[in-house]
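Chain lettering (A, B, C and D) follows the sequence in which the chains are written, and residue indices restart at 1 in each chain.
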Amino acid sequence: MRIGILTGGGDCSGLNAVIRAVTKHLIISERAEVFGFENGFLGLIENRYRKLDYLSVSGILAQGGTILGTHNKANPLKYFGADNADVSDVVLKNYNDLKLDGLVVIGGDGTMSISFALQQKGINIIGVPKTIDNDLMQTDRTFGFDTAVGVATDAVDRLQTTGQSHDRVMILETMGRYAGWIALEASIAGGADIVLIPEIPYDIEVVAEVCRNRAKKQRFTIIVVAEGAAPKDGKMTVRETIDDSPDPLRLGGVANVIRYELEQRIDSEIRVTVLGHIQRGGTPTPFDRILATRYGSFAADVVKKKEWGVMVALQNNELVTVPLESVANKTKTVPLDSDLIRTAKSVGTSFGS
Amino acid sequence: MRIGILTGGGDCSGLNAVIRAVTKHLIISERAEVFGFENGFLGLIENRYRKLDYLSVSGILAQGGTILGTHNKANPLKYFGADNADVSDVVLKNYNDLKLDGLVVIGGDGTMSISFALQQKGINIIGVPKTIDNDLMQTDRTFGFDTAVGVATDAVDRLQTTGQSHDRVMILETMGRYAGWIALEASIAGGADIVLIPEIPYDIEVVAEVCRNRAKKQRFTIIVVAEGAAPKDGKMTVRETIDDSPDPLRLGGVANVIRYELEQRIDSEIRVTVLGHIQRGGTPTPFDRILATRYGSFAADVVKKKEWGVMVALQNNELVTVPLESVANKTKTVPLDSDLIRTAKSVGTSFGS
Amino acid sequence: MRIGILTGGGDCSGLNAVIRAVTKHLIISERAEVFGFENGFLGLIENRYRKLDYLSVSGILAQGGTILGTHNKANPLKYFGADNADVSDVVLKNYNDLKLDGLVVIGGDGTMSISFALQQKGINIIGVPKTIDNDLMQTDRTFGFDTAVGVATDAVDRLQTTGQSHDRVMILETMGRYAGWIALEASIAGGADIVLIPEIPYDIEVVAEVCRNRAKKQRFTIIVVAEGAAPKDGKMTVRETIDDSPDPLRLGGVANVIRYELEQRIDSEIRVTVLGHIQRGGTPTPFDRILATRYGSFAADVVKKKEWGVMVALQNNELVTVPLESVANKTKTVPLDSDLIRTAKSVGTSFGS
Amino acid sequence: MRIGILTGGGDCSGLNAVIRAVTKHLIISERAEVFGFENGFLGLIENRYRKLDYLSVSGILAQGGTILGTHNKANPLKYFGADNADVSDVVLKNYNDLKLDGLVVIGGDGTMSISFALQQKGINIIGVPKTIDNDLMQTDRTFGFDTAVGVATDAVDRLQTTGQSHDRVMILETMGRYAGWIALEASIAGGADIVLIPEIPYDIEVVAEVCRNRAKKQRFTIIVVAEGAAPKDGKMTVRETIDDSPDPLRLGGVANVIRYELEQRIDSEIRVTVLGHIQRGGTPTPFDRILATRYGSFAADVVKKKEWGVMVALQNNELVTVPLESVANKTKTVPLDSDLIRTAKSVGTSFGS
């Protein structure tokens, strides 16, 4: 049995744990030969790969990032290296030349969309879901998310003590362009006072009012804001989306915009932290390592059954398979009636609306 | 509305998050008066309590332990302070004198068993499940467990680097007297080579053989052993169970026994770490804080509905209620056909059997 | 013996450890009465204080922030609450009314400057040095700094794995307005490729060149920049200094400016993290707790000797006293010939110049 | 220039940072060829080595252990592989065959003793001090120690919350066979109530009395004990020393002995944690990474100056060189009049004597 493996899209903690589990499981139970493509689909296009043996995946369980590298723009259907042409025939040739029986692709909704197209072309694919934002359809929880929430919560914890000592307003910007999972969970875990997420447009007047009320009693306020949060009457201020219309006020991202707006409205000193990519990196939490190992080991089971064209998913604590196309290009946002939102509100957290 | 709250049994990380969520939720939505009994049922027997207002539960979310204190032997049905007499009438009187509408009891299977009996006596009780060992029936996951796995995994990580540098056998003893959840999850998360749990009696010859084989190639071996693990032909060596028949060899616990047995069988140097109660203490992980807050907030919802005589539980990511008596004095061990055991084996972990 | 204590200026990790050590030591050895003033000199002006007994300082050793609160603008010599008038007579009266024998003041160079003036007025003062930036004269190392370096290094570690996975340029902005200690130590500890500090003006062309060279081989680059770093031909871009002339490009701080400049010069994707006040908050490292406890305990020794008008300091691992005026309004920047700079360069780190 | 490098004795966090700094510095400034011997002196005896280039030491800064492996019994002067014969001629031949200009040896007092002998034989050696216990003469502080104190302090922190919740006596056993530095610093950093170190023989009656007094008021007691602590009238109970006279009571180490003794004297429940080798492993703290990098970079400077036969050392924050023989087979214990002991006592910590 000869199996390829690659990691696509943005990186997140736990990718190496999946690579290790797939490889070890297939070597132990099938004496399979496993080949790792480098830099996501780019390696598949450029035929860059290396053989993964047992030793080469030992000791990577706790490492952040991906030993294979990834690439978040390499798409065989619109390859930037060939004037956005479709090079899936090249990919298919490389796949066949290497005599692969199948390919394990670890990635997000974009990667699954490409995988579905390649599957149609005749490549046997099994997808493993990956998104730091936890916003992938069909699966309850993705690895890397617990680690990201951990980094963000640690930041909230630290802001609590310094905010309290100074009666300040502290703003923390987390990842989450389209979904507010990280911001919301970090808010509950850290006991933030205000959380702003893309799903609930905020009213800056309400935010200011909460700060003013707290200034009278508790005296300090912790605001957690997802990078994709937007005001009721405005548009998203994610850094990447404004490159084309460079409103320089927004160069610093949404947290700096909110700081600017609040400075017009309240007396307290305001300080900003922008976590950025430290949420993606570093050693995965034990939870994420276990989840990633379960995903990888189960994906190897599915490989052994030759059940191609599916993505593995976690549903009600069980690992299952779902069609690749069922997750392609969809986003799982936080439901407005979710238990998490209800919980946050019940302990006094404001959503600024 | 006047509600009492107490924490019973052994402590674990996240108890304060529950106390905070119950109290804040009831004060915010019901302007309830909340009273915290000290040292578990002991406070209820001795009528020691204090009023919990909003401020008194602010800032405790991330604190380990319980601000109320607990007691793991205080049982109103067999009170050690009264020659093991039943003092539940005293408890009922204290409850009535304080004009309580209900009582939130956070604890394990023993605590729920007592709670069921008190409920029969006429005290309105809602239980919140607590066990560091994750071995409580009816609920998928309990707070404190993720924190304990975190402490144990950090230890495995550290033993990996030092074991590797020296070609040694490193033994780590974790909690888990009747169930091996902590040892098993820490083994998967840390990439241990051997894991010994109460559910699968070990054969010391098999353990020695794995060590010898690894000494030839990888050269070092990490063994994680739950305190309640036992050999195939032997009996449990948990420290507490041998007070009566003090075989001094066992004073150090199962890890030291295994060390002693392995020293007769292999050449490698062997070193032992016994984590003990550091698994119980310290700030809860974000996962546990969120889970504990959800439990507490939901328990307050159930209080508001006056649905007494139940325990809140997590089933398939949903919070539900189950009868108090359905969890009393039962233990949820690791199923032999569980996905976790399968996953561990698939990446090469031995169970020593 | 009756002693007052207060914390002035910005907060940092370890303040509570000092408060605890001063209080416990004086109570144990002198049965002293200790009074904590709230919010720095503001409490001394407004006569807001509380008595600190043994219990009230138990359990605060590991807490971030300051249980007394602080204030970074309250100056009795130019009191903002009285049109910048000198209210030191009020302070002296409050001090005398409370029959204090002396006052322990924990703070930075500004606080020591005020303390020197108050000492001249007749208040017996002993200073304890505090600065997260480690930039205080006369003392080798201040508590809070090790914690800040820890937070910044953890961020570098995380950026290493994510940067590597994507061949990106990652920029991390740390504290350090006038001195680059935090950025420099975090760079050495984390293995950053470029570090930009206020002491060495950077040349953006050199920075870009290093990034381009690394893109060919190692493929990713980690840049750590102190908030006060400035280009050779430019001026400082610290957020606070530009409120008056709001160049909106600079709202996001120096890291965003460098990002903007590099985007004109290199092809790699660039990502920014701005740590901000999370460097100030949270539980102190063991190193900082020990250092803070030593400072506090030694300050109590000096109180007992009634050696007023001095600041305690660490010199060559010994605790000594120095005149208050010797540290007032001075800054200890990183010497260009320091061992740290030499070490960083020797392992290949560029200073962008 | 051709330089060898090896790590001897027990491992500790920071070894890889030294290897990296020596190698990078010599390659950058001298285009030197660096050879790493495997498993300490064993590699030098068996001529097992590999070339270390720039890439091979990239990314190891934050890794625990040593990429070269170590061995704590391989002594060329009394080689266990040759009936304890002197094989230093073999070592000299291997050294000469590889045309080495010098050898950097990282190790403790035993390793320095061997190095001194080899230097006499004509091998150019520069030593770098290493000891997790911080008990090496001539140098103020060694890398790995801060990391070990960090692990031990984290354990004390966790025991504080669980001890408090249950009114228990918690005993933590740390490393430190001959010197109590780790136990002492962890006690100050964690706020332990009792600390027992080899330098101050303890009286079990005093220990019991402190526990009893605390049981009345604070109700719980944290005891930190170095593995080499011994009672006034007794002998050391370190595990390794009793292999020959196996008093089974002592199989579990000194913490279990103290538990046993206290159980005869007090009523409180007692729990034991034995940290063992987790103090040696894992990623070094930023402090240790910086210190190790400074040591390594300075050792390369000394190599460039061909100043052989010395060990680098830290004295009053300056890196200096001292004769190899000045550290051989000596131990730096905690001075009874040290500032640390005075500090611990001043905040109420008992030494059980």
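By our rule, a contact is a pair of C-beta atoms (placed from the backbone, for glycine too) under 8 Å apart; a residue touches a chain by one contact, two chains touch by 3 or more.
Quantities reported herein were computed from a predicted structural model and do not represent experimental measurements.
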Most distant chain from chain A, judged by the mean position of its C-alpha atoms: D
Centre-to-centre distance between chain C and chain B (centres being mean Cα positions), rounded to whole Å: 40
Separation of mean Cα positions, chain D and chain C [Å, integer]: 31
Per-residue multi-chain contacts in chain C, two or more chains: 157, 160
Interchain contacts (touch definition) - all pairs: A-B, A-C, B-D, C-D
Residue numbers on chain B that touch chain D, as the complex places them: 7, 10-11, 13, 15, 63-66, 69-72, 151, 154-155, 157-167, 170, 248-249, 251-253, 256, 260, 271-282
Chain D residues touching chain C - in the complex, by the definition given at the top: 20-21, 24-25, 28-29, 58-59, 61-62, 140, 146, 149-150, 153, 157, 160, 185-186, 188-191, 218, 283, 285-287, 289-290, 293-294, 297-298, 300-301, 316-319, 339-340, 342-343, 346-348
